[in-house]
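Following this message is one structure expressed as structure tokens.
Chain IDs A, B, C, D and E follow the sequence of writing; residue 1 opens each chain.
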Amino acid sequence: MNILTFFVVIPVLTITGIILVKDIKRVKLVASIGMGLQLLLAALLVVLYIMQRRAGNTEEMLFIKDFVWFKSLNIHFALGVDGISVAMIALTSVVVFAGVFASWEMAFLTKEFFVSLILLATGVFGFFISIDLFTMFLFYELAVIPMYLLIGVWGSGPKEYSAMKLTLMLMGASAILFVGILGIYFHSAPDGEPLTFNILRISNYVIPIQAQRVFFPMTFVGFGVLGALFPFHTWSPDGHSSAPTAVSMLHAGVLMKLGGYGAFRVAIFLMPEAAKEMSWIFIILTSISVIYGAFGAMVQKDLKYINAYSSVSHCGLVLFAILMMNKTAMTGAVLQMISHGLMTALFFALIGMIYGRTHTRLINEMGGLMKIIPFLSVCYVIAGLASLGLPGLSGFVAEMTIFVGAFQHPDLFHRITTIIAITSIVITAVYILRVIAILLLGPSRDNQYEHMNDAKWYEKISTVILIACVAAIGLAPFWLSSMIGTSMQPVIDKILAVNPF
Amino acid sequence: MIANQIMFFLLSAMIIVFSVLTVTSRKILRAAVYLLLVLVSTSGLYFMLNYQFLAAIQLTLYAGGIVVLIIFSILLTSHISQKFEPTGWKKSLLSALASAAGAILAITTILDFKFGASREAAMEVDMHAIGKSLLSLDYDGYILPFEVISILLLAAMIAGIVIAKKGGPADQESQNLKQ
Amino acid sequence: MNAGIPIQFFLILATLMFFVGVYGFLSRRNLITILMSLELVLNSVNINFMAFNRYLFPHKMEGMFFSLFIIAVVAAEAAVAIAIILNIYRRFTTINVEDVDEMKY
Amino acid sequence: MSLQSLLIMRHELLLAVAAIFILTAEIFIDPARKKNISLISIVLFAIVTIAGFLPFKLTGTLFGGMYVSSNVSTLMKNILNIGVLIILIQSVTWLRKDENSDRVSEYFILIMSTLIGMDFMISAGHFLMFYIGLELATIPVAALAAFERYKNKSAEAGIKLILISSLSSGVLLYGLSMIYGTTGSLYFFEVSQHFPGFNLQILGFIFFFAGMAFKISIVPFHLWTADVYEGAPVNITSFLSVISKGAAIFILIIILYAIFPSIMETWQKTILVTSILTMTIGNLFAIRQQNIKRFLAFSSISQAGYILVGMVGGNQLGMASVIYYILVYIFSNLGAFGVVTAISNATGKENIDDYNGLYKTNPKLSLIMMLALFSLAGIPPLAGFFGKFFLFTAAAEKGFYFLVLIAVINTIISLYYYLLVVKAMFINKNDDPIVNFRSDFPTRSALLICVAGIFVTGFASIIFELIKGLSFGN
Amino acid sequence: MINFTYTVWILIIPFIMFIFLGLAGHKIGPKLSGLLGTGALAVITALSYITAYKYFFATPKAGDVFKAILAANTTWLQFTDKLHIDIGVLVDPISVMMLIVVTTVSFMVHIYSTGYMKGEKGYERYFAFLSLFSFSMLGLVVAPNIFQMYIFWELVGVSSYLLIGFYYEKPSAVAASKKAFIVTRFADLGFLIGILLLSFHTKTFDFITLTDPSGPAIAQAGGASFLGLSVITWSMIFVYLGGAGKSAMFPFHIWLPDAMEGPTPVSALIHAATMVVAGVYLVARMFPVYSLAAPVALKVVAYVGGFSSLFAAIIACTQTDIKRVLAYSTISQIGYMMLALGVSGYGGHEGLGYMASMFHLFTHALFKALLFLGAGAIIHAVHTNLMTEMGGLRKYLPITHLTFLIACLTIAGIPPFSGFFSKDEILAAAFQSNKILFAVEYAVAGLTAFYMFRLYFNIFWGKETQYQHTPHEAPFSMTIPLIILALGAVFAGWIPFNKLVTSDGQAFESSIEWGVAIPSILIGVLGIFVAMVMYRKENNIPERLAATFKNTYKLAYHKFYIDEFYLFVTKKIIFRYISEPIAWFDRHIIDGTMNSIATVTQVVSFRIRKFQSGQLQQYAFVFISGAVLLAVLMIYIWYW
């Protein structure tokens, strides 16, 4: 059995296990064991992948497995990974694992909660291992729907409104995306040859430019909405602020990455010509995203809103880098996805833990938490520093790769937009430090918070593993960056072959 | 020739006039009678077209059966002399407009079409031919519809029974209603 | 019998009758009169079939048979309709169609 | 009549035999043991259903072209049989009620005769057969809609259905008469050869289409749907929304594909317009509904719109996807209606507000309802997703991307209101929720079948491949 | 060639120490933490001195030039084929010199801190942060490429942030740390853009390649231009922005005085001796490029430095918080160094300014650290920062007094203390090239002497204040570093910088230019004298003077309202007129659009419900009209 299939099988088994066991404690146990296995499996995959590459395997995708599903439409359940997907899978498994522990205290409908959560994870894993547009789309939608219940049932604040908005906007995006995918499918092969959903196969054929012009924007916007592309990002603040901790983590940490990954793997990889022609529109939009999200985050009062806007900014950077269409910037985009995924998951985990203690998320109502709950506060600072791109943490690596890459463009437009995007690092610093200053530092604002406990063991697991990853990538980025970069090479070659610039 | 045409126009005039009266008369029983007249006139048309069998059916089943059924139901539900309030002008107007539009569309389209005359020899439609055709299993045979319509009629009968059947709590309730 | 009368006359007659029936359906208030209007509508169709059969395709009897079956079906339909109308009368104590609107929006 | 022909017509014949058997039983059986009629009927029907699947020679033309059986038609009949079987099982509880117990056998006979009508309609080779089948499929349903004769709403539903359906058959017949007048025949294969698309023919076609559209409840011929669905007993509502509609769609697609390929452009335009209207209007109305049956009525209208999208291409994939979708739709919608029936039988509650907090008291029913609704909304991995995917793919194959876009946007609206129900069940609080109850065996087994269908139909690609293999189109 | 690979330990040891103390500090207790931290520093200090010795005296020169040696290098992150961030150690004259400066001062501060911070909450954290800072600063210093420098540049910034905000419960400290970080971050933005521009045109980050006179950077001096200046010039100006930010040059200087909220040893280490001179170091690092390819940028450096030094000196004269006086003095002195670089040429005696700047950097590090540590000892004794609340302390704090006096004399440029030598070189260099700046320097020299002695007299002489506790001399752990640094301040002037640290690595002859030096000494003495008159005994001269130059005094006292201006820009413009409108726009316009789509759907849905009237005939009407309209559409209107 192919290693990749386990990534779908294990969650499904875990869900089954959760449904079968009776008691809440066992539910958690099963969930954590399942996701722990998944994490180990991801680690194994990384190792195997690197070993394969070392051994000189230069195939574009490794571990390819192809099950015919709907034969007449040439729909396959095709699996395969390159460095990029491996990285994303690793990210996902870490975040999901942390998410399980972050929601350890979930007492209301626990079983249902974990089932939905892991279902969501299944969708994400499935998405990343697929190389068939149909299954990709299937898993994408699969990931979106549990969201509704997770937010609607276990959320807080205007949860029903937020859940509905999030679900509808994302499904709306998937609607556009769906048309885009169909368009690709029906132009995926020259006349007379069987149509295909297989990305690799399609990428070897040049989709007619007229079709690309129609379907590229659809695909890109479809994925872009999930990646919080301005002005379609408004689901994100509401959705994130209402979602329960683990869901915010998964959503901002992983699900938003589906957008970036998809935009790269489907929109740009398959339709590079149109991407080249139209990228300027989206570059403008994404650079707006970057700045706009950062400025938006500056005046928010709710912790989750701050983070949501910050995600808009950071994910905007991902899309921005993807659109630059050169190896360095795109590698940076993937790094940024991973980095943002980890640190935003960390953020949301911490926010959830703080909220669980103070029962408020308004920064003005808290203060001086550093003294009361030092562990969580320090973690928060670390997350903040990662977010503002401190060297030694993952954010820096990603951002610098993007900036350097984007700046290598020969024409002025790209470089000016890059500079605009770079200014976000200052704004980011402003809002991050603002939060840290108000929330954690200074005197304690309300003595009812004096008696809070610091992190419990499961909370520590959740945060420490995320921090460890953030720091590991920040300190030793080379292997990751080169793993991604190597896989990026064929993509770039294809883009260049088509229309060298 | 002329007699033909006179006959036709007479019948058509009757049909049109009585149709209109059927749908406009404010006394329901009269409307039923007008309907009967329309149906009878129609059977006259069938005679003109040489379809005596169908004309007969029209008279017996349609005029004799359905109209009687309708009249019975009228008697059950209304007073004979009951006069309706006239329909609201808005509704009438809209209905008239829709119908007129439909009629104009249909008629213009019909007039637009060139009907070719028949080249085949006409078939003698007598009872023998009808019977043979009705019971034929082959092309142009109607045994299957004939059988199926019996199921239809059975089903309709049961349907009527289902609705009209007395007994159970329903009846009690309706008796309460009457009191 | 039908010589000298163009087929269009029959068709126009049927059409007029059809739409008069439709008019009745749309405007009459009494359920039974609506049913009567329906009879007009269906009757007009029969005229069409008969005319076509006689004028254009006299070598077969399709139109005629069709009419025949229509008459039978209409009879069944009318029977069921009347049964329901009587039930309506029992329930609503009226057969004014405008009053039969418990369900809307 | 050889044995061969009997086998070819086995669906209709067995059904007729079963109906007559029940009729006889009704007459001869001891009144005290009439309870068993349900059981007998369902067993009989199950036998019919199974017999339908038997791999005898399926194709053939009987009665000089009056009756045509092909692989596709057999498939369609089988699909309908499955649906009806589920509905019959679902009806048992309802039929056990005192007020209905005196008309159990009539119920079964009417349903079966309706199904006979549909089967004949699907196998029709001649418009006369088609017409009689259509009426046979309609008239008893009207009576069934008025079945609960002690309820105002039921009576109202009955009268609305029978009158509008008569009008629509009037319009359909008028159209047919024009088709007859311009082609000289009512045999399908002859009509298709004489159909170059004169204006009068188009007129006839449109009127014919309107009559069919009424059955499928396509906008603007749909207005009866909500009222009838709301007023009719729940089982009849599900019958109307699934079986009647499914049968009408089957026959429409056969007629469009087989008889009117020569005016494909016209009917494509027609379907384009009506499908957009149908999806949009159905959705817009569904948003505000409070009665769950009415809600499902509008939802089924918009579903019809999606199905039309699949039909628009006139391609083989289109037919396959439509048939497949009907199968999926049967499971999904009957799942939803099954829950509605169970709740309605147990408590008499039919408003969405009553469903508030249902998950707390009846988790399993809520879950089934949710699965069914998600399947209707086209959420993976449920069958509805695959169904919708193929429908839209079929349209896209012929370049109707714009239509597909509108359709998928409409699925988002529909997702919205499906989620409203899910929200009611899972999120909303309720001081007075529906109490916990345990459904009886038939209800549970019917729901189980539906859930299994919702899951299996999608994943098991063989089902789709089978349907695809049998379909035709260009 | 001697192997310098071991120098990587200079980076690794403090990093490990940081991680260890950060994670386990609270477990092992304060005492051990302090000991470990200090011990680690002792080791790397020793390593640095060994390195300095080996580099300057044991390594054979190539010709007569000190060659830059790449002691270690490994690719850390690959961008493109040519552009990659390497982490490594570059050993060349200035890096070695900086190693000495950083490790010495840091070591002193560590020792000092063990006394100064005793009993403070978060003692372990403090030492962890100090280790982090040492690591970052050393990494910055030895960076062989500009990107490594940027990385450590940021790390230095963050450790500064952490240390300024060490007393995190004090709102002013929190605000100060935030301000320091954001202001420098803003400057770093310029640095980053500069790096990107530079690397885009030269395709390298590597210092050796960049500064090679025949390398791509300098070769492209006349390349593509923008707004009249060459791209290289622009990029060097941007790079300088980063330097200006870190070195608190006008107008980025505002963070430095506030940064005094941190513990005093931190001020000594970071905000006086090491980190703030990183800007100078950066310019020195890139000096060949500035000098050969971007003279305009170099001019900017010179003028900004000159202006800052004068500006800060004026403000320093009016401040009362001793640490703030020292902070402005630091700005002023760094301005001096910048100026010196700015007026310097490349190679040989032309490079006098360069050498002078480095020289001054070196001596300044020693005496400014001394001043701060002394101030720390004073604050430690009297528990206040305000010199108005001090006076007559010379009796209580003899050692502190003495060392402080030495430091003051040094900074005033009185021979034979080291400050005199380095300052003299700078004056000489300025005299050679730019008379205006030269004049500025004289003025600054006088002002410096004045405000330093104003400080000195106010603290140790003047009116004796009633203290709550009798002040007492600091413990040995604090006085020993003072003494060592004082010795350094006295004797460092004799180090032959012109032989060791020069712009092109070649030694050149230089001697004291008495023509320039004597007036400068006189000016210094004059400044001291004025201060003595005004502040030695209590009198009303200062008040009268302040009253006479009321407006000027007020301006200077309020630091020329620069802070207020920044506050206005950030609070009013950025927050109120950019951020809040954006947030509003997002919630109301964008979100509103999405919501209104939903609302419109709902409203339409409500409006059209009338169609479903329950009236059978209306249904039929729609049915018939629908059929007719459809037919009309298909037959008569819509041709494909």
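The rule is short, and it goes like this: a residue touches a chain if its C-beta (ideal position, glycine included) is under 8 Å from a C-beta of that chain, and two chains touch if they have at least 3 such contacts.
Remember, predicted model here, so these are calculated numbers, not experimental data.
> Using the contact definition stated above, find the chains touching both chain B and chain C.
Common contact partners of chain B and chain C, which must touch each of the two, are D, E.
> Identify the chains in contact with chain D as well as chain E, in label order.
Both-contact set = A, B, C.
> Per-chain Cα mean versus the mean over all protein Cα atoms: which chain has them closest together?
The most central chain, going by mean C-alpha position, is A.
> So which chain is the furthest away from chain E, centre to centre on CA atoms?
B
> Please report how many Å separate the Cα centroid of chain B from that of chain E, as a whole number.
Roughly 101 Å, centre to centre.
> With chain centres taken as the means of their Cα atoms, state the distance from chain A to chain B in Å.
Distance between chain centres: 69 Å.
> Just curious, how far off is chain E from chain A if you go by their C-alpha centres, in Å?
Roughly 36 Å, centre to centre.
> Distance from the CA centroid of chain A to that of chain D, rounded to the nearest Å?
42
> Touching two or more other chains, which residues of chain B qualify?
Residues 91, 94-95, 98-99, 102, 105-106, 109-110, 115, 140, 142, 145, 149, 152, 155-156, 159-160, 163, 174.
> Which positions in chain E touch two or more other chains at once?
609, 612, 614, 616-617, 620-621, 624-625, 627, 631, 635
> Which residue numbers or ranges of chain A touch two or more of the other chains?
Those would be 168.
> According to the definition of touch, which chains form touching pairs?
Touch list across chains, by label: A-D, A-E, B-C, B-D, B-E, C-D, C-E, D-E.
> Which residues of chain B touch chain D in the complex?
So the residues of chain B in touch with chain D come to 105-106, 109-110, 112-113, 115, 136-145, 148-149, 151-152, 154-156, 158-163, 165, 167-170, 173-174.
> Residues of chain A touching chain E in their complex?
Against chain E, chain A makes touches at 165, 168-169, 231, 233-235, 237-238, 292, 295-296, 298-300, 309, 327-328, 368, 370-371, 385, 388-392, 396-397, 400-401, 403-405, 407-408, 415, 418-419, 422-423, 425-426, 429-430, 433-434, 436-437, 440-443, 476-478, 481-482, 485.
> Under the definition above, what is the set of chain E residues touching chain D in their complex?
The contact residues of chain E facing chain D are 601-602, 604-606, 608-609, 611-612, 614, 616, 618-620, 622-627, 630-631, 633-635, 638, 640.
> Taking the complex as given, what residues does chain D use to touch chain C?
127-128, 131-132, 135, 139, 142-143, 146, 149, 151-153, 155-160, 162-163, 166-167, 169-170, 173-174, 176-178, 180-181, 184-186, 226-227, 230-231, 288, 294
> In the complex, go through chain C and note every residue touching chain D.
11, 14, 18, 21-22, 25, 31, 34-35, 38, 41-42, 44-45, 48-49, 52, 56-57, 60, 62-63, 65-66, 69-70, 73-74, 76-77, 80-81, 83-85, 87-88, 90-92, 100-105
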